[in-house]
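Right, one structure below, let's go through it.
A, B, C and D label the chains in the order they appear, each numbered from 1.
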Amino acid sequence: MPLRLLTAGESHGPQLVAILEGMVAGLPVDVDFVGHELQRRQRGVGAGPRMKIERDTVEFLGGVLENKTTGAPIAIQIRNHDHAKWKGIPIKPMLIPRPGHADLTGALKYGYSDLRPALERASARETALRVAAGAVCKLLLMEFGVQVFGYVASIGDIQADIDSIPMAERSHRAEEHETRCPDQRAAAAMVELVNSAIHQKDTLGGVIEVVATGLPIGLGSHVHADRRLSARLAAAVLGTQAMKGVEFGSAFANTRLFGTQVQDPIGVHEGGNLTRASNHAGGLEGGITNGQPLILRAAMKAIATTLTPQETVNLSTGQPAHTEYERSDFCPVPRAVPILENVVALVLADALLEKLGGDTLAELHVRYKALPTGLVADFRLDGEEHTYWP
Amino acid sequence: MPLRLLTAGESHGPQLVAILEGMVAGLPVDVDFVGHELQRRQRGVGAGPRMKIERDTVEFLGGVLENKTTGAPIAIQIRNHDHAKWKGIPIKPMLIPRPGHADLTGALKYGYSDLRPALERASARETALRVAAGAVCKLLLMEFGVQVFGYVASIGDIQADIDSIPMAERSHRAEEHETRCPDQRAAAAMVELVNSAIHQKDTLGGVIEVVATGLPIGLGSHVHADRRLSARLAAAVLGTQAMKGVEFGSAFANTRLFGTQVQDPIGVHEGGNLTRASNHAGGLEGGITNGQPLILRAAMKAIATTLTPQETVNLSTGQPAHTEYERSDFCPVPRAVPILENVVALVLADALLEKLGGDTLAELHVRYKALPTGLVADFRLDGEEHTYWP
Amino acid sequence: MPLRLLTAGESHGPQLVAILEGMVAGLPVDVDFVGHELQRRQRGVGAGPRMKIERDTVEFLGGVLENKTTGAPIAIQIRNHDHAKWKGIPIKPMLIPRPGHADLTGALKYGYSDLRPALERASARETALRVAAGAVCKLLLMEFGVQVFGYVASIGDIQADIDSIPMAERSHRAEEHETRCPDQRAAAAMVELVNSAIHQKDTLGGVIEVVATGLPIGLGSHVHADRRLSARLAAAVLGTQAMKGVEFGSAFANTRLFGTQVQDPIGVHEGGNLTRASNHAGGLEGGITNGQPLILRAAMKAIATTLTPQETVNLSTGQPAHTEYERSDFCPVPRAVPILENVVALVLADALLEKLGGDTLAELHVRYKALPTGLVADFRLDGEEHTYWP
Amino acid sequence: MPLRLLTAGESHGPQLVAILEGMVAGLPVDVDFVGHELQRRQRGVGAGPRMKIERDTVEFLGGVLENKTTGAPIAIQIRNHDHAKWKGIPIKPMLIPRPGHADLTGALKYGYSDLRPALERASARETALRVAAGAVCKLLLMEFGVQVFGYVASIGDIQADIDSIPMAERSHRAEEHETRCPDQRAAAAMVELVNSAIHQKDTLGGVIEVVATGLPIGLGSHVHADRRLSARLAAAVLGTQAMKGVEFGSAFANTRLFGTQVQDPIGVHEGGNLTRASNHAGGLEGGITNGQPLILRAAMKAIATTLTPQETVNLSTGQPAHTEYERSDFCPVPRAVPILENVVALVLADALLEKLGGDTLAELHVRYKALPTGLVADFRLDGEEHTYWP
């Protein structure tokens, strides 16, 4: 896989740093676009108070000259504006783990003398880096007409009616609303639910859909388990904080149907253009993009940090205790939309670079134009008998 | 990650071959156990006729001497008993792709002159190798008291009542029934449903749960996205043929609940043993095992190959056509249980080897005994203030 | 890196098996060519008696249909003809490690109860697989006019005069002689030296040169340490049994010269074709191919197994002992020529696939033709000032 | 392999950034030690003028809290003090490639409109990051009694007499002299030679030896080519700027000797301690550490940038031209000693972490103490016949 990404930095450290290695040279890096993606990540109903103060900006410390990639590793920095408040300050020990976080597991695994180091790194603050790196990947994808967008499908038990909204309008409508839900009626109900959860000192999760349109046929492969695009996307989504499930199309719901009900019949237009009557497969067949929109749905759990104290144990005394509140969101779902979009963009850019090879954007453009597009004429079937094992 | 696995071979080729690299030396390889796992994969209601003839057996061609691993790469071979029927035989061209398979995407991507080579490699026949390699991993895990098992939670719209069956009885009950569903009432309904689907020339999918008990705390990590055990497991599951979704615990259902409802309160027993009142997290917090059973659920789509012809296109003529039947299962869900168990075992063994390091089973045993087990006393909290950024 | 290779099997096991993953579809696999490479590996002055009986042949068990690659993992099998002599036979324990082998280190690392399992896997028998897999890579490279060949530069203290033999004649002349040395005078002296070593119950090593001509400019990269082609080639060479050193061009000798003496001045022909007056760099600048022949030299140690007993220890008794003879070569250098050629071909094919991307040989050909060839006109210099950090 | 390292940043950019992922928690990070290693890299006879102004210091931006590693990715930053001179400044185009650099190959590969971006990343400035990351690895290794040190064996045709200096004194003596050559007589001649080269507007290369003492037996493995420690070390050395060759022990010289002359006889002390009479193997047998000092020798080419102009071509005009001088060293060999030491330390730490597994330094210490040390009693030989293939 051509791209490598490492991220580093703690939630309250001086800055976050990522290195993205393997990007081609010559890609214009629109810093405003990257900043815009970062700011999308900081807005949404149910966000905690930290979001209101911060305005993340990105600095490219390497791999970008004159606002163009050079092919060298791209170093990305995002400063933590409230680090000053933590520098040189003795911090009260954290001894009481919150269920649902890495507090307990991380501290045990790494032998910490305080739970805080686990939380510092497990925090979703780190996702800012993946948004920034993913935004560079979005810029690459947009060069080839690929759009990656997402929206909220449900929060708590409020389920949006997504199917009735045309694909082309979903992103636009979602971005207009602080819930990032494109269904206005559901969006209004979600706001109410979030406010009621805040009032009850509780939190909410939900389901996010991410869509990629304009992908060429043939990304990913069936020839090996770890080459399946489904596997690579699933790892990216479930490597993201608070994500606990993923499905392509409505896979879980589809299991309730018969085989004849969930396939996507293949049709043909004049000119030999292949069409599909539906997209139950979510754009992947055999782990390979099939020219339909890629659609994945992610289950995001409700934020584990609640103002309502939860039962737990003081790991210093061994006595029962209640959780103490750490600053957090009430409903992270709207803010997670751009996170997942960019996490998905990282995988798709990787798959596209693998398909196209090469070292410069110019090279990629030429090769992209020569890709088969799924016309009948793109197939090389010879209609002959074959003796595969002579 | 210590383990590497490559698999090769086509569905009707002479044999399937895998190489598993990175296993420690000294692990007894119970060939009968591996064979038993392979045979579990060949049995189940809704299996196609091929399953009735075949009896897969495994041969270890390398890395195993005197039935013990040596630390060298393990070569695994499974012969295809019906290869003789294909060798030297001209095979009719396949020009009509079945929706839902790699027929179309694979042939376009790799430029085949016939659709069959895509199907030959995309076939779930390949999973026999992952079962065999995973069975070796199960043997490793069992050395440390880890059990990996699975069962059918639903087929079509028949949903088993799993929660009311004690964890310790699920595997046993599931294996007693041809559906691999531990809920007898549901199992009976599933048989009926499968038979009716066969009668209707249709197919079915379902949901499988895989559980791992006895895992030490601390496998996986929150420190980097691709080290989260959730990411690694999700990739393995969604790298498996016909799998379209995965969740830890009941993640999708949990999104409908409030934060206070879906955490797993931490309690403490005498002796400082930490306990959990529930397991909504499915055994992972921060992408790390937390000492609770690991539970994942996979959505398996209905088999795309149906006796009822589906609309598609003849890629040679460009004219509308109907799918032609290729030998296949009617309901692959029961047979997929051992597949997913072993796919999961591969990841868990990898994570355990990463945690324990070393080159021999004896070394691992000593190290394993020294692992923290999650007693309060295992934590090293010092109760002091820390100045993290001096 | 697109290609992955795993090899498995023991020296006296039933067969050797490799899987090569990542090769494009549509490459004709000339089985005779692969067999020819295997047989080159079995011939040469100083070979042990085993070589005279064996005639390795290759079977492709997967990834090749109708003698063409399909893009699926390629499974390669080579049978061990003398396995029958070992099967079911109790084998005398080996307790006395030979210095210079993995006997001692391997047995300690893996906790063996006998030294033999170390030797079984450490044996150069395994290189047959890398020759076979490398031969498939040579076939790919030849599609693009790349030739990889090698020859013996020295055996013991007999040094060939390579510089006076034109590059185009070296391979041909080397293959004509059982020493694989293209300098006839040196070759004759080498035969004499090898015979005298055999007579003295001793063994010999030497230096091998591997050359690749016709490589496009731009394989490898300076942007990251592990992307330098020098690093990747060095790992491949020093991952090969008995290889203890590697240099590009005459790097060690060049360290004795001044900077002005060891560069390769750049000239220009009519038409803007860039030329080099020399090739001290061995074809790599900044870890990237520069259009000159790639030349690497490998130091192969004298075979550690000598008929003359060596001082060692019986690890069972802890008493001093002498090595006991295991069947072996006297001078492995001529036979190692095809081994290193193919090990190098694996790396070069990997780098070429990385440069060209794609899934089919046809795609690669189109992309290859569009590569810059190093004409002045291929550079995009704009002659302007740049403000790299605005 | 547990450790991952990515580096980023250009020679004249604002800063250099690296991320080292996979280090255990609890390792004290002595920032002064890391700074000292960086400063060793900036001193030595033959250094260019830039070295005299700069004083590199390191900042840990992530993965280190209270001066201890946390197990999270370690972010390392080194500022470029002269960046201010470049920021916002239009820079004259560079159109004339210097032979021996990535100027030409890098610009062609990445389609640059100016040669400078190639040079910015190919510059050995990047090695400062590998020194800093490697210094963290040295700190880990020192916890287990492993010392990694290096010295200059030759500059130009001045060859030190290393063999007559006891291993324990080499590092100390080398550090006392600006040449980093432990042989005083040779050191004096080297200074003279370097001064004469400067006077002649020429440059020099040489040979560096890196030694690691105190390594446990059993790092690396013979079971797969890419697990051989020789392969991993060779890749690291030849992934380093200006390195063109590597050998273990005196591998190239050893090829001139007979097999009986170059082995390292195994002896035994009272108590069953195994000894070696020599170390021709350079500490590796079968690609595995054997308890002897690891010794590798690297050939570093003379700096390609010479004050004496060299023949080349103006790539803008296509006309013959002469190189223009870029600020550079005259003899980089003494400064490259700490670079190679730390590059080697990265590989050795990786291999040690692989051997020991685990997540905390405390865990590693316990496991380390249980490692076999190479006493006869550490072997588990049972002296029985084995039937390996039943």
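The criterion applied here is as follows: contacts are C-beta pairs under 8 Å (C-beta built on N, C-alpha and C of every residue); 3 or more make two chains touch, one makes a residue touch a chain.
Note that the structure is a prediction, hence the values are computed from the model and not measured.
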If you tally C-beta contacts across A-C and across B-C, the winner is B-C
Using only Cα atoms to place each chain's centre, name the chain farthest from chain D. B
Please work out the Cα centroid separation of chain A and chain B, and write it as a whole number of Å. 24
Using mean CA coordinates as chain centres, what's the chain A-chain C distance in Å? 43
Mean-CA-position distance for chain C and chain B (Å): 38
Going through chain D residue by residue, note those that touch at least 2 other chains and give them in order. 6-7, 10, 13-14, 21, 65, 70-73, 109, 111-112, 117, 120-121, 218, 221, 223-224, 359, 363, 386-390
Considering the complex alone, what residue numbers of chain B touch chain D? 2, 21, 65-67, 70-73, 218, 221, 223-224, 353-359, 363, 366-367, 370, 386-390
Inside the complex, what are the residues of chain A that reach chain D? 4, 6-10, 13-19, 21, 25-26, 61-63, 65, 70-75, 77, 109-112, 117, 120-121, 359-360, 362-363
